[in-house]
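There are two complexes below, and they share chain A, which is joined by chain B in the first and by chain C in the second.
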Partner chain A sequence: MSAVEAIDLRRSFSSRTSVLRRAKETVEAVRGVSFVIERGEIFGLLGPNGAGKTTTIKMLITLLLPSSGSAKVLGYDVARDAVKVRRRIGYAFGGDRGLYDRLSAQDNLRYFAELYAVPPRTQRARIGELLELVGLRGREKERVEGYSRGMRQRLHIARALLHDPAVLFLDEPSIGIDPVGARELRATVAALAGQGKTILLTTHYMFEADELCDRIAVIGSGRILAEGTPADLKSRVRGGRVLEVETFGVLDESVDDVRRLDGVRSVTVEARTQSQVLHVSMDSEAELTAAVLGRIGDVRVGRVASREPTLEDAYVELIGER
Partner chain B sequence: MSAIRIFWIGGLISFRALFHWLNPWIYVPTLLVAPLFQILLFVYVGRAARIESDSFFLIGNALQGAAVPCLFAMGHTIAGERFTQTLGLLLTTPASRVPLFLGRAAPVVANGWIVSMFGLGVGGVLVGVDIPPDRWVPLALVVALASASCTGLGLINAALGLKVRQTATFSNIIVGILLVVCGVNVPLAALPTWLRAVSEWLPLTHAVEAARLLADGDTLRSVVPLLGREAGLAAGFIVVGLVILRAFERSSRRTASLERQ
Partner chain C sequence: MSRWGRTARRIPRQFAVVWWLQLKMLAADAFSGILQIVWPLFFATTAFLMFRISGDHELVFYAGLGATVMGIWSSVAASSSSALQRERWLGTLELIVSAPMPFALVLSSITTAMATIGLYSMVATLIWGWLVFGMSLHIVQPIAFGCAVVVLVFAIAMIGFLLSVTVVRYRSAWAIGSLLECPVWLLCGLLVPVALLPVWVRPLSYVLPPTWGVRAMREAASGTSPWVSLLVCAVLGGAYALMAALIGRSLLKSARRQATLALT
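Entry: the complex of A and B
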C-alpha cells in the first residue's frame, strides 16, 4: 500500500465578487492532479505561487473536500475516513502564524498533545524529545511571541510530530528562514525520512528539492507538468547547456531576438542591482555564444559563462512551456 | 479518558491561549468596573423616575453583566482561532469536538459568574441594597445558571464563526436584546405581548426573576420551576450550538469557509 495516492484531484473555489452583487467567480485551483508517494519517500511539489500546491495539501489533510477525484492516505480515503487519516498524519505550514503567541512553546505542544491523544504518561518525555530534535530545548518556557521565524518554524514541525505520524505534510517549511536555519531544517527533514517517515514537501527552493526529494512533481496552474527524480527532470534539459551572459542595460527586443535564434530553447532574465543576467538554455554552445552576443547589441557585457543545467533550469523551462 | 483531558486540560490551556491579553489592567476596568456604571445608571434613573426598587435594577443589571463576557468570550473561542490562523490546525486534529468546545465553554461560564457576582456584591454596597447573608448561596447558583445559558447562546454564536467573521457584531446585538427584553430593566409586564413571548426563550429572563424572588426572601424550592427553565434553555442552546458546529465544520470542507480571515 502506498503512503499517499491522489487520483485526478480537482478543486475549485467560488467566491462572491462583491458584497452586493450576486455574481460568482470560480477559480479552478487544482485541475486533475495524480501522483503516488511510496512509504519512506520524500516527495516534492514544486511550483510557482498560486500553482495549487497548498490546495492539494489541504485536500490530502482533510481540510478541504476534492471537487472531484479522490485521494487515499495510508489506504484511507481523505473524504470518507477523515478521522482515520487525521490520526496518522502531521501537518505544518511555513510562516509566522498558526501558533498561540501568548503561550510558551511547551504549552503550545501540550495543547496539541492532548488533541492528538498522546498518552499523559509519555507526553512530557515526548515533548522533551521533540524540543531536542528541533533544537528548542532550553527555550521551551518562553512565550512564542518572542520567537524568531526560524524558531517558530521548528516549533511547527515539532507540533506536527507529536503523535508520531507516519506521513508528514510540510507546506513551504523553509519560507523566510535564514540560510543556516534552512540548512538545519533540511537536516531535520532528512533525519525524519531516515526514520521511515513519508514526507510531502512543497518549496520554492530548487536546491532544497534537489537535495532532499526522492521524487518531484512540478505543478503549474493546477496541473502536474512533469514528474520524476531530480535527475530525471534535469535530464529533460540535458543534451543542452546553459549560457549565462551578464549585461548592463539589455533591451527586451534584444532578448526576444536571442529567443528566436535556432537552437535556443528558452531565455530567462535575472535582474540584479546593476546588471541583468541572461540564462540562455540551448542545444549546444559552440556555435551559439557568438550569435547570442551579436544579438545583444551594443550594451556592455560582463561575465560570460557556460554551465550544466540545474534543477532550476529544468523548472523554469517546464513552467515556461505552459 | 482523553475526552476528559481535552475538556479540562485542553479547555484551560486554550482559555489561556485566547485570553492571555486580558491582564488585570484590562480585566478590572472592562469586566469588573464598567458593569458597575450600568448598575448605577439604572438605579439612579429608577430613583429619579420613582419606578421599581434599587434592588430590582441591581439584580437585573448584575445578572445581565454576565452576558457581555459570556457572549464575546465564547464567540472569541472560534473567531480568535481565525486570527491566529490555528483554526485549520485545530480542525485537522482527530480530537472529539464535543469535549473540545465544551472545554472552551467551561472557563467562560466561570468567568461570567465572577463578573456577575462582583457586580451584585460591590454594586449592592454602592447603592446600599442589603442582601441578607443566607441569600448568597442560592443567588450564586442562579448566577451560575444565567452564565451557563448566556454561554450556551454564545456557543451558537461561536458556531456561526465557522462560517462568517461577524461574531462580535452578533454579540453586540444579542447583548442589546438581552438588556431590553429579559426583564432586566423593563418589567416584563410592560413589554408588548410578542416580546414577552420572545423573552421566554432567551437566557436571563427566568434567572433574573428567580434572583429577585430569592433576594426578597423566597425559598430556593419555590423558584425551582424558574431555575429549571433557565437550565433547560442553557442545555438547549448548548446542544443546538454543538449541532451547528458539527454541520458547519462539515460544510467548511466543501465551501472553504475556514480560509477567510
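Entry: the complex of A and C
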C-alpha cells in the first residue's frame, strides 16, 4: 500500500466577484493532479505561487473536498474516511500563524496533544522528546509571541508530530526563514525521513527540493508538468548547457533575438541591482557564445560563463513551457 | 480498559485542558480583563442605585445577584460570537477542525473558558456591592449557591457555544453578540424580576437558562430549595449544547465544500 495516492484530483473555487453583483467567478486551482508517494519517501511538490500546491495538500489532509477525482492516504479515502486519515497524518503550514502566541511552547504542545488524544501517560515524555528534536529545549517556557520565525516553524513541526503520524505534510515550511534557520529546518526534515516518516513537502526553493526530496513533481497552473527524481528532472535539460551573460541595460528586443537563435532552448533574465543576467539554456554541442554576444548589441557586458544546468533551469524551463 | 472506558476518561480531560489553557490566554489579555471587570460594575452601580431608592435591603441583594451574572453574560456574548473568527485569525481553526478531538467539545470548552473569565466580574460586583452599597453577603445555603453558580456558568457557556456556530456566517458576528447583551439581561430577570415583564415575552425568558440559574442562586441565598430551578437550567443548557453541536457539524461539512475555514 502506498502512503499517498492521488488520482486525477480537481478542485475549483467559486467566489462572488463583488458584493453587489451576483456574478460568480470560478477559479480552477487544481486541474487533474495524480501522483503516488511510497512509504518512507520525501516527495516534493515544487511550483510557483498560485500553482495549486496548498489546495492539493488541503484535499489530502481532508480540509477540502475534491471537486472531482479521489485520493487515499495510507489506504483511507480522504473524502469518506476523513477521521481515519486525520489520526494518521500530521501537517504544518509555513508562516507565523497556527500557534497561540499568548501561550508558551510547552502549553501549545500540551493543548494540541489533547486535541490529538495523545495518552496522558506518554504526553510529557513525548513533548520533551519533540522539543529536543526541533531544538527548542530550554526555551519551552517562553511565550511564543517572542519566538523568531524559525523557532515558530520548528514548533509547528513539533506540533505536527505529537501523535507520531506516519505521514507528514509540510506546506512551504521554510517560507520567510533566514538561511541558517532554513538549514536547521532541512536537517530536521531529513532526520524525520531517517526515522521512516513519509513526507510531502511543498516549496518554491529548488535547492531545498534538490537537497531533501527523493522525488519531485513540478506543478504549474494546477497541473503536474513533470515528475521524477531530482536527477531525472535535471537530465531533461542535460545534454544541454547554460550560458550566463551579465549585461548592463540589455533591451527586451535583444533578448528576443537571442531566443530566436538556432540551438537556444530558452532564455531567462535575472534582474540584479545594476545588471541583468541572461541565463541562456542551449544544446551542448552548439557553440553560441559569439552569436549570443552579437545579438545583445551595444550594451556593456560583464562576466560570461558556461555551466551545467541545475534543477532550477529544469524548473524554469518546465514552468515556462506551459 | 475497554475502548469506551478510555473515551469516557479522555473526554473530561480534553475538555479540562482546553478550558484551562484557553482561560490562561483570555486572562493574559490584560486589556479585555480590565474591561470585563469595569464594564459590569458600571451596570451594577446603576442597578444598585435604582433599587436603593426603595430602601429595601432584600431588593438590593436581589439586584446585586442579578448584576453579578450580567458580567458573565457580557463576557460570553462579546467573545463567543467571535470565537471562531479568533481561531481563524490565529490560523488555529484548521488545526482544531482537523484534529481527532470532536469539534463540539473543543468549541464548548472554549466558550466555557469565556464564561469562566466572567466569574471575575461576579466576584468584583459582589465586593463592590458590599463595600459601596452595603449589600449583605449572607447566603443561607452556600453549597447549593456554589452549585448554582457552576451550573449557571456552564449554561451560559452553552448559549455562547450556540451563538458561536450560528453567527459565524455573518461578517459582523461580533455586533450580533453585543446586540444580544442587553435583551438577555432583561429577559432573564437580571435587572428586573421576570414577573414584571409583559406576559408575551415571558415564554422567551423561560427558555433562557440564565433565568433559571439566577433564580436558583437567589433561592439558595434566601434559603428556599434551588434544586428544581437548577435542574431546569442544566437541562436547558444541555439542549443548547446539543443544538449547537448539530449546527457545528453541518457548518464543518459546508466549510469543507466551500473552503471557508482558512483566512487565506
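Here, the second predicted complex is superposed on the first by the 320 of 322 C-alpha atoms of A that agree within 3 Å, B and C clash if a C-alpha of one lies under 4 Å from a C-alpha of the other, contacts with A are read in each partner's own complex, and residues count from 1 in each chain.
Keep in mind that, in the parts below, a residue touches a chain if its C-beta (ideal position, glycine included) is under 8 Å from a C-beta of that chain, and two chains touch if they have at least 3 such contacts.
Keep in mind that this is a model prediction, so the values were computed, not measured.
Aligning the shared chain A places chain B and chain C in steric conflict.
By the touch criterion stated above, A:F13 is placed in contact with chain B and with chain C alike. In the superposed pair of complexes, A:F112 makes contact with chain B and with chain C alike. Of the two partner chains, chain B and chain C are each touched by A:I61.
Counting contacts by the rule stated earlier, residues 13, 58, 61-65, 83, 86-87, 91, 97-103, 107, 110-112, 114-117, 120, 159 of chain A appear in both its interface with chain B and its interface with chain C. Those residues of chain B that touch chain A in the shared complex are 2, 5-6, 9-10, 13-14, 16-18, 20-21, 84-86, 88-95, 100, 253-254, 256, 258. Looking at the complex, you find that chain C touches chain A at residues 10, 13-14, 17-18, 21, 24-25, 28-29, 89-92, 94-101, 106, 256-257, 259, 261-262, 264.
For chain A in complex with chain C, the residues that touch the partner chain are 13, 54, 58, 61-65, 83, 86-87, 91, 93, 95-103, 107, 110-112, 114-117, 120, 159. Residue ranges of chain A in contact with chain B, taken from their complex: 13, 58, 61-65, 83, 86-87, 89, 91, 97-103, 107-108, 110-112, 114-117, 120, 159.
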